[in-house]
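My questions will all concern the structure given below.
Here the chain labels run A, B, C and D in written order, and each chain numbers its own residues starting at 1.
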Amino acid sequence: MPSELVFQLIEHPYFQRLRRIAQMGMTNLVYPGAIHTRFHHALGAMFLMQKAVQTLRSKRVKISAEEEEGLYIAILLHDIGHGPYSHAMEHTIVQNVSHEQISLLFMDHLNGIFNSRISLAIQIFKNEYSRQFFHQLVSGQLDMDRLDYLKRDSFYTGVTEGAVNSQRLIAMLNVKNDELVVEEKGVYSVENFLIARRLMYWQVYLHKTGVVAEQLLVRVLKRARELVQSGRELYGSECLLFFLKNKVSVDSFDQKVLETFAHLDDSDILCAMKQWSTMDDFVLKNLCRMLLNRDLLKIKISSHVVSPSKIQQKRKELCAKLGITPTEAAYFIFDGTMENQAYNMKKDPILILQKNGKLKDIAEMSDQFHSTALSTSVVKYYLCFPKNHEGLLGY
Amino acid sequence: MPSELVFQLIEHPYFQRLRRIAQMGMTNLVYPGAIHTRFHHALGAMFLMQKAVQTLRSKRVKISAEEEEGLYIAILLHDIGHGPYSHAMEHTIVQNVSHEQISLLFMDHLNGIFNSRISLAIQIFKNEYSRQFFHQLVSGQLDMDRLDYLKRDSFYTGVTEGAVNSQRLIAMLNVKNDELVVEEKGVYSVENFLIARRLMYWQVYLHKTGVVAEQLLVRVLKRARELVQSGRELYGSECLLFFLKNKVSVDSFDQKVLETFAHLDDSDILCAMKQWSTMDDFVLKNLCRMLLNRDLLKIKISSHVVSPSKIQQKRKELCAKLGITPTEAAYFIFDGTMENQAYNMKKDPILILQKNGKLKDIAEMSDQFHSTALSTSVVKYYLCFPKNHEGLLGY
Amino acid sequence: MPSELVFQLIEHPYFQRLRRIAQMGMTNLVYPGAIHTRFHHALGAMFLMQKAVQTLRSKRVKISAEEEEGLYIAILLHDIGHGPYSHAMEHTIVQNVSHEQISLLFMDHLNGIFNSRISLAIQIFKNEYSRQFFHQLVSGQLDMDRLDYLKRDSFYTGVTEGAVNSQRLIAMLNVKNDELVVEEKGVYSVENFLIARRLMYWQVYLHKTGVVAEQLLVRVLKRARELVQSGRELYGSECLLFFLKNKVSVDSFDQKVLETFAHLDDSDILCAMKQWSTMDDFVLKNLCRMLLNRDLLKIKISSHVVSPSKIQQKRKELCAKLGITPTEAAYFIFDGTMENQAYNMKKDPILILQKNGKLKDIAEMSDQFHSTALSTSVVKYYLCFPKNHEGLLGY
Amino acid sequence: MPSELVFQLIEHPYFQRLRRIAQMGMTNLVYPGAIHTRFHHALGAMFLMQKAVQTLRSKRVKISAEEEEGLYIAILLHDIGHGPYSHAMEHTIVQNVSHEQISLLFMDHLNGIFNSRISLAIQIFKNEYSRQFFHQLVSGQLDMDRLDYLKRDSFYTGVTEGAVNSQRLIAMLNVKNDELVVEEKGVYSVENFLIARRLMYWQVYLHKTGVVAEQLLVRVLKRARELVQSGRELYGSECLLFFLKNKVSVDSFDQKVLETFAHLDDSDILCAMKQWSTMDDFVLKNLCRMLLNRDLLKIKISSHVVSPSKIQQKRKELCAKLGITPTEAAYFIFDGTMENQAYNMKKDPILILQKNGKLKDIAEMSDQFHSTALSTSVVKYYLCFPKNHEGLLGY
């Protein structure tokens, strides 16, 4: 354990709660092994940060004991603002507040409890610390967050091609002009990292079955919210119902809201879905059953936008078959887009420290490396619809 | 996938529910990696069964296609009767019904749905099939259940010394006189298996912190039941409240009860505990907080029974400090026993097939192997009590 | 063991000899773990072939028992013609005979011993068998040879980024129009395979220190040959001296030569180098010492040809310092080129079987995949020279 | 790299030569993966020593920088005196000199080269350093030598049950009264270590096929020595012939002998055996062929001494069949004993540091642990003889 303060932060209920929040949400419906939690990831990222500090110091980059602890706390708490099934929730429950903003609220609160001893970590997290590479270690192209989650997600999904050699990448890190850079002999590892990340996007993060599951969950929460807003009494834990009833903005996110948020975890959603799966709302009940029994919608991927008329036609058919309204049908037949995360060399370049001491963007380093291949975002379009109408239980 | 029927059973909501039940209950509070589920274990055990069938057939043991499917279904469903945090629940929620009995209820029900095609699996499971070694592959000293869970639990806890070489043990299996036996050259692997199992008991299954967590959970459910029985309205999902309100025996475990039970999973317990942690019952609220925040009782292990007067004395002090009743104090100060599982060569021997074709008990096979060392049960006694009184929040 | 014949081939001294020939030659001087042998590789490739046959059959590709054995034998023996430090030897000892040709000589000879039961394997190996994909499984873009050695070399060097997911690639194989193809959902795995292969080239097979070691070994054998040819008595095993004394062409590679070749392995070279390291020839003694003590020449890599005048200048300096002849100096100061192996979609395409049943080259499949990046060969130039003159022991 | 001196020692030809000496001799004939070298083991043991120093320092055991380097050098060089196939050679080539004595000779010589900077390491190695636990880290029940080789040999043979959790054992180390001890919570890991070690003895180090191979090699060298002593000219490298011609004692092991010894490695033996396999001595040629082609003698294990008359009878038969002398027959039909290495709690106890601060022998610590089981040496007897007479090629 790097320090007593770090130990106390891990012991705090705010952090312990991450034990109950899966890192990859519903992805275990696709890759059953992917049940690791945000607790594991946060500890793993801190472990990598320890390696990074060791490496940089061995290369004569000065890092004081206070700065070191700041790095550990910043990475430990960087994801503490995640709620359950975060990506789905961000569209429904805390609509205008990002998890980074909530992380910061948690950190500020903990800073109060721990006598401002987290101030430096907060500065680093907000990129307000004078030495820029500190923030890059926490949030940047090659930060400890990514190096941990890519490797961890690859391990737990079993998609071994996505494995990133974090250990070697860290060993290749250095600091030049206050920027985090990679030494020249690490070029192939960086390429491999970018390729592996892209593969993880298509094979895992944007896996079509995972996309369906996430979209269903978004609609579960949306529908539940609508019902609650319209006055229906819905089963649910107090903290979940609070966020279904209220619209919370960053400004209204006071200490009481934070405390309520801190009670939320995956079990609130799962438990509510089970109860909702037996209630009498056609939409909510069917959406919940699909997720709980892993009996999902079909999905078709295409490189072109799905024509609105095609969607309308499908919805009309469903309405006719089941006697439901077009609004209800829209919960089961819908389209959307998905986009991989490309390497953007202008926004946030990966700098290679050449043997001659000069810096160069990775994209310019090797004859073989074609920036276009990795820096072009690809957008795909999908259409979701029921496998067959029998799967949907009527009124 | 071995067959279409096996596939359909895995797809059934009864089986999918195992995704939401952790294999090791609260053990992740000790070994954070131990979050694998009963879903993983059931699939893993079936995988090993496929290997076992392959091995036995290669040694000219006749197994028909029907028998083969029976084995896969029997092992796939052997644990389907587990509820959430089974070991704790068996003392509180389904007091007189074992998980094996519930597994059987599930199997019978599924047998109805699937036109009696599970009958052979049920026979094997109940040890009513004519060929005895079939049952031994599902439930015996070296069954696929154990070979999977020991290896899996060792992997996910990181207690590598507990790793069993399942692959080699299976490769050494054979059948003689209708009994499952191990070939002579597998003797060292069997010894290693017994040693590893013993190590897993002391280091993992009976780890003192794990024991505390489980005992706290037993008391959470006991207290909740008492409160519900005494007329208090308690938050909770319908299915959980059903089992808190009613006393269910094997005879009263009808289809409706089974359906209710099939809705229960870890999320009901976790979600309820969070709600209960903020209510006004001193006992329940504190017990829940301890588990949720991983701020557990202290535990002392001893080879002697804890003297009742010592316990009384400690309880008296707690009552005086906090102004609580002796009944309430008993929830936080209590003793108990723990016992490892020893190898019982009389009840269920591991038979070695010698090169001369004769059978011998493993305990008699090697000069080195002292049966006494592994066949003696060891009982230890523990005492649990609060770390300090400040941890317990008053009325 | 797939068959009795396969077992007997493995037992044959010709095959057992592969135990004494390292798969990666001198690469262990760079990656100390890389000491696996051609024996391991041949068995591993046959194991993958068993998986491939299983996969293809499960997809209703008909493969008879005889054809199956043919595949196993073809892949088992595909490298049996390798001598010790093959890549170095091919330039010095068996100058005009490739290891494939020698493999074929071995196979023909074994075919005689085993009553023509290897004929089918030989047909497959020579691509004379009617069903084309058989040869592609043994030698092609995604043959079992490559799938084994890339994964194995990655494992033993510890260059984890080079790990190929052989298991998944094989699971994605299929046959269409008698050609080996990859199913569409394996596209990312194929990309990953091509990237990993390229990385292995630059990071391992063309590692600069490995290049130096190999070039030194080439020169050791060249010098030894020159001395022997000029009448010097050199220490060495009979079989090694035979190849130093004689010039062997494919035509003169009769049974006696084959038997002599079958006696050669790494120990002949190592043992001779030790003896030669203490003799009085300045060149040979110093070259051997460098390799044995891992005290190699320096190497500089460049994207441009090294100017001849620069080389001449350096040699002149060395001659002046040590009093050696320009011919001798040329053994320690020399240039050369290295080239990675690119994906050539015209010569030997990787065909993807699309969901619509049509075939497409991998290079045209994905928006992201830029054929140019992987299909362009890159040539680099190197210059080797002594670290300092003290390292070279004088006359 | 812990220090510049350590680096220079690794670079020294005496150490580089360990690259060419297999750690497990002929064991790869049984477990084909077991081809790791003494070079790997020495580096691995030093790595573990770094972990041990880290652990002990974290427990406030004072270790100066000089002592630290002493530990690294002592463990790095502890096996530098091994020759090729050491266990076989110790009976034939350097009959009265143990590899520890030769290690010391190497160390003394290196100490001269490196200006006495190895003196402390030598003291530690010889157990002459004032602080006793230093020697125990290099040579004792739980030294870094054993912790590395047991784990490494288990890994490379694939006998996973023999895997020792070195990392955890080291984490449990402490020093009390200047003795290396294990903390109480490491008890199960120590038990596991003792069990794993015993399993490795029976399953690997005393594997019957491995025993045959070693005994054949002993006889190869014995026969070669006899022939050389009787005046026959034998092929062989100078350094090998030196040790076949001369009888070297510790006293005569001067600098010249040491230098000759430093030239020996596995390739000398392998290369000579290949040449000898085609010569005209019936005994030597057949012994060599058996090893090179892995066509070994049969072996029978028994718990009783093999009766001399039975051996005589078998030899007589062989003489009659092949027309050889009884002396010659004795090379192919012979008996011997093998004994596992037991835990000797009197000679070299493993001390457990109890929570109360007192020390106890592991054998007394746990009710379960029966010292007799692990501390009793077991002796087995074997008889080797030819599979069939055709295998032996006549005069």
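Assume contacts are C-beta pairs under 8 Å (C-beta built on N, C-alpha and C of every residue); 3 or more make two chains touch, one makes a residue touch a chain.
None of these values were measured; they are calculated from a predicted model.
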**Message:** Just to be sure I understand: going only through chains that touch, what's the smallest number of steps from subunit B to subunit C?
**Reply:** 2
**Complete:** Intersection of contact sets, subunit A vs subunit C, gives none
**Item:** Most distant chain from subunit C by Cα centroid
**Value:** B
**Prompt:** Taking each chain's centre as the mean of its CA atoms, how far is subunit B from subunit D in angstrom?
**Reply:** 44
**Message:** Averaging over Cα atoms per chain, report the distance between subunit A and subunit B in Å.
**Reply:** 33
**Asked** Taking each chain's centre as its mean C-alpha position, how far apart are subunit A and subunit D in Å?
**Response** 53
**Message:** Touching at least two other chains at once: which residues of subunit A meet that condition?
**Reply:** none
**Asked** Pairwise, which chains touch?
**Response** A-B, A-C, B-D, C-D
**Prompt:** Can you list the subunit B residues touching subunit D in their complex?
**Reply:** 160-161, 163, 165, 168, 188-189, 191-192, 195-196, 198-199, 202-203, 303, 367-370, 372-374, 376, 378
**Item:** subunit A-touching residues of subunit B, taken from the complex the two chains share
**Value:** 11, 13, 16-17, 19-20, 28, 32-33, 35-37, 39-40, 43, 235, 237-239, 263, 265-268, 270-271, 274-275, 292-295
